[in-house]
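Once you've had a glance at the structure underneath, I'll fire off some questions.
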Amino acid sequence: MTLTPTFAIPPTFLGATLEPAAARFWVAGVPFDIGTTNRAGARAGPLAVRHASRMLVDGDNPANWRDPLTLGLADVGDFTLALGDISSSLALIEQQAAECSHLIALGGDHTITLALLRALAKRCGPLGMVHFDAHVDTWPDNFGQSFAHGSVFYHAINEGLVDSRRMIQIGIRSPVARAVYEWTLAQGVRIVSAEEVHTLGASAVADLVLATLGAGPAYLSFDIDAIDPGQAPGTGTPEVGGLFTWQAMAILKRLGGLDFKGMDLVEVAPAYDVAEITALAGASVVWQYLCLQH
Amino acid sequence: MTLTPTFAIPPTFLGATLEPAAARFWVAGVPFDIGTTNRAGARAGPLAVRHASRMLVDGDNPANWRDPLTLGLADVGDFTLALGDISSSLALIEQQAAECSHLIALGGDHTITLALLRALAKRCGPLGMVHFDAHVDTWPDNFGQSFAHGSVFYHAINEGLVDSRRMIQIGIRSPVARAVYEWTLAQGVRIVSAEEVHTLGASAVADLVLATLGAGPAYLSFDIDAIDPGQAPGTGTPEVGGLFTWQAMAILKRLGGLDFKGMDLVEVAPAYDVAEITALAGASVVWQYLCLQH
Amino acid sequence: MTLTPTFAIPPTFLGATLEPAAARFWVAGVPFDIGTTNRAGARAGPLAVRHASRMLVDGDNPANWRDPLTLGLADVGDFTLALGDISSSLALIEQQAAECSHLIALGGDHTITLALLRALAKRCGPLGMVHFDAHVDTWPDNFGQSFAHGSVFYHAINEGLVDSRRMIQIGIRSPVARAVYEWTLAQGVRIVSAEEVHTLGASAVADLVLATLGAGPAYLSFDIDAIDPGQAPGTGTPEVGGLFTWQAMAILKRLGGLDFKGMDLVEVAPAYDVAEITALAGASVVWQYLCLQH
Amino acid sequence: MTLTPTFAIPPTFLGATLEPAAARFWVAGVPFDIGTTNRAGARAGPLAVRHASRMLVDGDNPANWRDPLTLGLADVGDFTLALGDISSSLALIEQQAAECSHLIALGGDHTITLALLRALAKRCGPLGMVHFDAHVDTWPDNFGQSFAHGSVFYHAINEGLVDSRRMIQIGIRSPVARAVYEWTLAQGVRIVSAEEVHTLGASAVADLVLATLGAGPAYLSFDIDAIDPGQAPGTGTPEVGGLFTWQAMAILKRLGGLDFKGMDLVEVAPAYDVAEITALAGASVVWQYLCLQH
Amino acid sequence: MTLTPTFAIPPTFLGATLEPAAARFWVAGVPFDIGTTNRAGARAGPLAVRHASRMLVDGDNPANWRDPLTLGLADVGDFTLALGDISSSLALIEQQAAECSHLIALGGDHTITLALLRALAKRCGPLGMVHFDAHVDTWPDNFGQSFAHGSVFYHAINEGLVDSRRMIQIGIRSPVARAVYEWTLAQGVRIVSAEEVHTLGASAVADLVLATLGAGPAYLSFDIDAIDPGQAPGTGTPEVGGLFTWQAMAILKRLGGLDFKGMDLVEVAPAYDVAEITALAGASVVWQYLCLQH
Amino acid sequence: MTLTPTFAIPPTFLGATLEPAAARFWVAGVPFDIGTTNRAGARAGPLAVRHASRMLVDGDNPANWRDPLTLGLADVGDFTLALGDISSSLALIEQQAAECSHLIALGGDHTITLALLRALAKRCGPLGMVHFDAHVDTWPDNFGQSFAHGSVFYHAINEGLVDSRRMIQIGIRSPVARAVYEWTLAQGVRIVSAEEVHTLGASAVADLVLATLGAGPAYLSFDIDAIDPGQAPGTGTPEVGGLFTWQAMAILKRLGGLDFKGMDLVEVAPAYDVAEITALAGASVVWQYLCLQH
């Protein structure tokens, strides 16, 4: 029987208190956000997601009766960054990520995923990719900037970090240059629009994910703007018509068969959040991911 | 023709001005909230729900052309409480509830339901229960506290206030101890998860409710966190993946065949609300409930 | 390659910089809001919708690869109004609208639509009407006031500006006087409730729209309160159970076959918005409308 | 010993429950706001000020040990208005005000003061005026509209309702047409700028008020924008550099020697408020005014 | 040279990472808030104050070139509480406080101070008291409840924990029962109203504090509602006319001569805060207190 | 007589519509914010300040009866930037600033001032500096980054852009490294702390400014965090105890004797603002600056 009320647990993810050395899964914050192209502030995401995670501590996941805290979970704090410097920060993130075994990264903006994949692919080879997002993020540049939050998968594919034939994008709906979209399809990426999720149903989309990824190492990159702005206002580049959290959760809980090597949750920008609902959505995604592990 | 604009009606529920003695239905506020385990503030719920109800005054329910104001409705104000004292407050609430005929209680946190049921079951016997919530609320305790918002139906069932075989829970989705969940099922309670509502449809869920409750006295306990945080952020223990208001309303409007003896609307915490949307959702639920009466 | 980041474009709709004389489509703000009956503040809608539109600038609509900026779009600023005077303001709006060819009006409250239709029907004859709203807006008066935001289509139909047999209302769900509702049906208006949209699906509703309007001049009047308060809290008369933005967008994108002569987007009240999500929903509706043109 | 906690008292001003006929002082809401020239929403002021007043119920004023609830105070609800119609609303307000003996009006925008003074001056003759405001409100018109919130004292002086030689304005600081300002001085009005309050001190300003008003009937018109936006953000036309609440309260508490016949508190617009601080400032001003009475 | 940006430091007070055993000063959260009589939510105060403290990490106090992090500071997390139970929680708080040497407690509501003083007075004897507050907090009860946030100093004085002749209250201004106020004076307590602070100046008030406390053990109890609602909206019982933060800071920095044995900062309720300004005010008070130590 | 209500003027600064070529004073937005070290989002400052400036359009400055719109004012829009790249952005800003005659820059974070001064000093030689801020901004680096918002005057002095003996800093109060502070004094900079402004009075501070700057070219760099967080919450690095807006305005209006060559208003971050009060404070500072010109 727990005697510490929810509002008094330690301010780590799920209140985790395990020493890093004793853990199998490491949560780290990566408060980098100068790669954003619209509203700023994802640097405050890690703290907000950790704080919101307190609401998920008390009990098991009713889908499979797992409790992430029993898996061996440590929260190792935030990564060091180079203020105002994209390329130095990417190098620092890669270097720190390389020291973690199974890493759950809390962004920060989507730029960080490139550094995380560089570190992970060195160990695991090209990764299958489950990518939730409103945007394809395969632009070759971002208003003139090569490395920022809209070009992360352009680089990840070109650098061979991701096996684009084992990559699926879910929730896509933003305006996009036709050439960028068609390049993405040409790499073999499977794009599932938000409208398709609404009309196909979560279970069918989960089947698509499983079929696309198959066996082999997998990665989950979850941009919170995949979720509708009504349920996740706290982000920098919202787009109407998004996924509902129940759909995202219902898809994720069916992915237990994939061989996940890591994940990131990015683009939570708490300055635009209300009542922590975006942060809670992000924390719930991470919690659901952890419940897939065994 | 009404000449008073919406924003100038009296600050009672639906602007009701009937004297209590002349009414068939009584609305009362129960601003008790020290049984909450996460975010505080449901004490301010009654005022917020009353205020939001002004938006529903002007017209009939298009589902059945009823207008609650024609039913004989009085707003009797808020119940007296014992500050900072759970058991004394429960006794006071029970005593005041016992004096009301058909009571619609505006919480306050879910703890109040226990006192309300104690009063009502004395008059009506064990009640069938339509329980909207994100949480089963059948924990034997709450971080060491016996009587608080997470244990209300554990006690209500054990005290024989509720006929657990005529009880249905709708919208359940939070983390929960497996033993608590299984105890609930073992009592014969029908649990409909939020995901099931999303996939079965509102009409099918309404049928389940009608089949579970059957004839006999019935009660509606509506915890606003049954609704998704995107539509009801103003509450203390939000959970992603919740019901949509259209589903809750579509279920409720099909329950005219039940023999309702009372209801409560709990856990509206306006400090976390935006633009009164949570309070309006709560007021709409009460309004829909009233439109079932005749 | 655009080098101006999203947050630095001009504060016009979509950052449009074309001179009015060179444009085919004119966006104008109509910051009139003294016809509201509940929460005030739609006068600030035009600026908020323009500001939010910056999020839609970068790319084509993936539904048909059109980019509204290539159509010949000008933002002509806000219309002049008579402060605190409904009838003089309606006259001024009509007069200014008469000078625009294909006008996209950003309200302001729904009262403005009457003036816009008076101007347009003079040129095009009675219009077919696609009307998204939570309310029928066919009351003969508004708490004693003839011309305000709840009576606009009562007058528009009576003045012959709208062909009521070619009119469809989508998203209807508010309390309403039975007589008002039945008068509307008696005029031949097709009413699609919000619950019907949820159960029929967006594609079926789009078919209904096409079948109702048929050939002939058409108009889109989009009251943002058609959208659910969870996705569009920033409005004056919210009603629970509303449309989701994905449904509105999915319906609109299927209406390319209609002969639209103009549109308005009304009732965005930013004081109640959060993180610009209501304004973005409004801007997205206008953007989708523009993408139907060719 | 009061057993009802602050958050459970009736939603009237200070929780007053006296019948109007038994009272010496009447509080009424006047939710009129279509005379505003910038941000809308003062219609919601009365409810917000009443709600915030609960924080002042428990105890006496330490300045003179008076408790307004012992004076004979009734809250008579809101006045009826004509939606969207300035002149009809002014007539309705005047007519209802004429039926009240000592009236404390909660606006609504400043336009209402003209109607209140018309009613009162009929009974008391021209009134001495203590006018707190950021603006002189003596413009002959408001963007073309004669009767609105910026012209109220132009009309009140011209109609002989106010004795301009017994009028003082405190807190003035907005941009203003030179001719308007000089006309005001020419009527004999004493203008005390906000900067003068900051440098002279509250006590010296109180002396100026007493000297300017002298004997004879007096009136207090308190526009909440007299207070600085940091302490009163919830208003329509904020101006930086305003009075602090301690100064306003310190001035008011020294005015016990004036023969007040009534007061109004205007321009509280809760949509822009935070944590009820503007509404509380307004309620505190009214409470202080009541504590001057005996 | 620090390379970790402000937004990436650990989520402890000032980012402190020292082990408790190695520290001279201990910061602990005490998230108890069921003793509040108006707005709820001070349970979330500790986390908010810790988070806001990050803004104070980078540098020395320019008043005396001290940096609290060099003093030997540990953040020991939050105390355990008994949910919904005032007397058991007070016992738990006292017991945990007894294990700390020099404790800085982050509330929580003001009720906690009684338990903290019970623990401390056992070690140090009756304490001199510097009490910043809008309220005297010497009521014998709180709406019928003996032990809650308005009676803390009534009990502390009666229990002999505080030497009332060495006690000063600063910022007092709320409505109060005359008998309560006079009882306080009769105990020898020095009351400095907020208006007196505004007119006397911070330096003169600091002299009063030093003269009142003299030699002997001292304690600082800082209720954030001493500060004006414009600078500290995030609290439960705001009162207009409060102290400005510059005054509080200017008084505190002159108190280096007192022999402080501990302090608490209470009543920060983040749900009503804006942009963390209340939490920052609270964190700054604690930081200033620490800079007095040597 | 103006017929366009405040809420309908063009979205430029003060609604200016003059062509740049015809203007003497140019307002430009510089939405650069990746040099911030705490809360992000000053990129949205220019739009917010322009929007808030509408509240200042209607009338003359009562201090000297000037109206900035009569001076020849153009709003030239926002400068082009290099996304995510500090040094390229500084080069772009310098280059665009060089093309403006008398430039009023709306930031963006304080980093931009370095580029603005590089452009201006080329034309005017070393500038006297009136610097309002909570921070000295003379750090040699910012968490490892040379060019960011905390080092701008370190570089400006070292590059000879500012004549440090003709430089005054007003409002200083943050924690700071002793060496940084003493280096600043050693350059001859006059530092006036916020507490000194509170105790000396605005008029005395204005005299200090005039005495320090004397004759010769002058520049005003106004960091909005000079103002107290209660009046200017919308900024990235707030510090308690700040200036009040009345003080800043009272100082500025006495600086008509200086030979100003340009100004900037930086660090307005609207995501943390409430009711536009920070943006209005910023707009008012610029408006007051313009009223000094002739």
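We just call them A, B, C, D, E and F in the order they show up, numbering each chain from 1.
Convention: contacts are C-beta pairs under 8 Å (C-beta built on N, C-alpha and C of every residue); 3 or more make two chains touch, one makes a residue touch a chain.
Computed from a predicted structure; not experimentally measured.
**Student:** When you check each chain against subunit B and subunit E, which touch both of them?
**Tutor:** A, D
**Student:** Counting one step per pair of touching chains, how far is subunit F from subunit C at the shortest?
**Tutor:** 1
**Student:** Regarding the subunit E and subunit F pair, does the interface count as same (over half of residue numbers shared) or different (under half shared)?
**Tutor:** At the contact between subunit E and subunit F, which are copies of one sequence, the residues are largely different (under half shared).
**Student:** At what distance in angstrom does the C-alpha mean of subunit D lie from that of subunit C?
**Tutor:** 39
**Student:** Please tell me the distance, in whole Å, between the geometric centres of subunit B and subunit F computed from their C-alpha atoms.
**Tutor:** Distance between chain centres, rounded to whole Å: 53 Å.
**Student:** In subunit C, what residues contact two or more other chains?
**Tutor:** Residues 3-5, 7, 37, 39, 43-44, 83, 143-144, 228, 230-231, 272, 274 of subunit C each touch two or more of the other chains.
**Student:** Hey, which chains are touching each other here?
**Tutor:** So the chains that touch one another pair up as A-B, A-C, A-E, A-F, B-C, B-D, B-E, C-D, C-F, D-E, D-F, E-F.
**Student:** Provide the residue numbers of subunit B that touch subunit E in the complex, in ascending order.
**Tutor:** 33-35, 37, 39-41, 43-44, 82-86, 142-145, 147-148, 271-272
**Student:** Across the complex, what residues on subunit C touch subunit B?
**Tutor:** For this pair, the touching residues of subunit C are 37-39, 141, 143-144, 172-178, 180-181, 193-195, 198-199, 228-231, 233-234, 237-242, 272-274.
**Student:** Flag every residue of subunit D that touches subunit B in the complex, lowest number first.
**Tutor:** Residues in contact with subunit B: 3-5, 7-11, 29, 31, 43-44, 47, 50-51, 77-81, 83.
**Student:** In their complex, what parts of subunit C are in touch with subunit A?
**Tutor:** 1-7, 54-62, 65, 67, 201, 203, 228, 230-232, 244-246, 249-250, 274-277, 280-281, 284, 287
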